[in-house]
């Protein structure tokens, strides 16, 4: 299982709608609005890194109002 | 009360119009055109960080010609 | 109460040690190693935005091996 | 007279000391700690753009704990 | 002969189509989807740096769905 | 007199046309296509920093195909 | 098996030495000097995303002269 | 012959000394201090892209006080 944070930038004025729509996608465990260079921070999980990529491109990026996503897979270094 | 700087990027050619329109929003105390990676630097204040986020998304980002905003809340570290 | 994500960059080779040390700071609810432009993503909470700023500067940034932190306060836009 | 915002990044843990030291420099009208990609936002003024550059390099960048400054001159587009 | 990596950002949801279309351009030796700040990483070669620039602007950037490309010529420093 | 470099990003496929159109603007002394994070690097001069800002916003940004400009005024520090 | 590009920034003057040292690390399939915002582009592979993270932090980042690495895992979206 | 702009970041307080030292390097045709995200903008030329890379790494980056350089080769797209 791979977990990841997805840092999302949205079109102006769309952050709240984007966060609530992303939160409903299967595999997404949280989606919150933030201030700063990103507008929404998402946490998601998938079976492997390919499935994670497909989740981001096919599901998350399909939400209207997203301009960029930056996927940061969690790694266990210990 | 929370104060913040909002660093604004605009569509090309729109900086002057954006600054004067933002300056008229209640809660905004200044809005000036600058050169560099940002086009307009705004100073605003709100009751708390949620109200500040709502001011940015609902009011500032509603101004035509804005492409990105970066909110930097002022913090008192002393 | 203010919640925030803190995106952390570390010196090369220090990510794992930094994450486990940050995880032990009171007010921090998670700290995970990630790949990409950031090395560790932290979730923290504080009474208000000033307290959050103090937590970051006085506690998180005191961890050896951190080079930059980027604090993204969670905002409720609804 | 040229006015400018100076966006300052500091070494970890140094933001508060840097802001109060910059605030005492002649030509600086304000210096506040912020969260986000920058640590301190300064407002300053000088006779012209060369004097502004000299103020930044010789005075502001002389403050211990600064790692980068980004000068954004205010421009009157109207 | 000049070789280069081209780091490509795409519109949301377009990464897979962009990569397979770029892969078919003469002079391109590979084009793979990645996660992170870039969406596709391309390797290409051309006779000289002007031809490389023309390949990027006339061929690669002609692919529908690309928003930015960043060309990094390989250099032999030894 | 203020001199400046203007780092320009263009829409994909538009770099050559943008450079030649900018080169014809009064006050612009050179405009060349480059590879890397910017697409065109321009050198321009104006009477003062306000006039420079107006040149950029009213003339340079009026060229079709530009997405961002970053103005870097030359400063004499000696 | 996970494959990745690793975009490396080095201390000034260290790019050639860093590339040749990284090229000798098991799991690394190529390491080339480039111009632009990155100094060396590496291709590597590992059993899974955790092993990839460990390769980067324990092996690649152990090379003297590296200041930042940005890992971009290859994803199969098809 | 390859021409290039080199965008240089320096340690705080070092911009003027860096610019005058770079200006004396053979192959460098100009080196000027600027404000903004870069501190010095250099123009240089070399026989080919490999020689340009060597000039940057062996000569320009050897100047004391430089922290990053970003080489942007000029390309003729016409």
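Odds and ends about this structure:
Residue numbering begins at 1 within each chain, and the chains themselves are lettered A, B, C, D, E, F, G and H in the order written.
We adopt the following convention: a residue touches a chain if its C-beta (ideal position, glycine included) is under 8 Å from a C-beta of that chain, and two chains touch if they have at least 3 such contacts.
What you see is a predicted model; the values in this text were computed from it and never measured.
Listing every chain that touches chain B and chain F alike gives D, H. Between chain A and chain D the centroid-to-centroid distance comes to 35 Å (mean Cα coordinates, whole Å). Rounded to whole angstrom units, the spacing between the C-alpha centres of chain D and chain E is 39. Shown for chain E are the residues in touch with two or more other chains, namely 15-16, 33, 35-37, 49, 52-53, 57-58, 70-73, 75-77. Which chains touch which is summed up as A-B, A-C, A-D, A-E, A-G, B-C, B-D, B-F, B-H, C-D, C-E, C-G, D-F, D-H, E-F, E-G, E-H, F-G, F-H, G-H. Every residue of chain A that touches chain C in the complex is listed here, in rising order: 3-5, 7, 15-16, 19-20, 32-38, 41, 70-78.
Residue ranges on chain E touching chain C, taken from their complex, read 35-37.
On chain E, the positions that touch chain H within their shared complex are 2, 48-50, 52-54, 57-58, 73, 75-77. Touching chain F in their complex are the following residues of chain E: 49, 52-53, 56-58, 61-62, 66-73. Taken in their complex, chain E has these residues touching chain A: 9, 12-13, 15-16, 33, 35-37.
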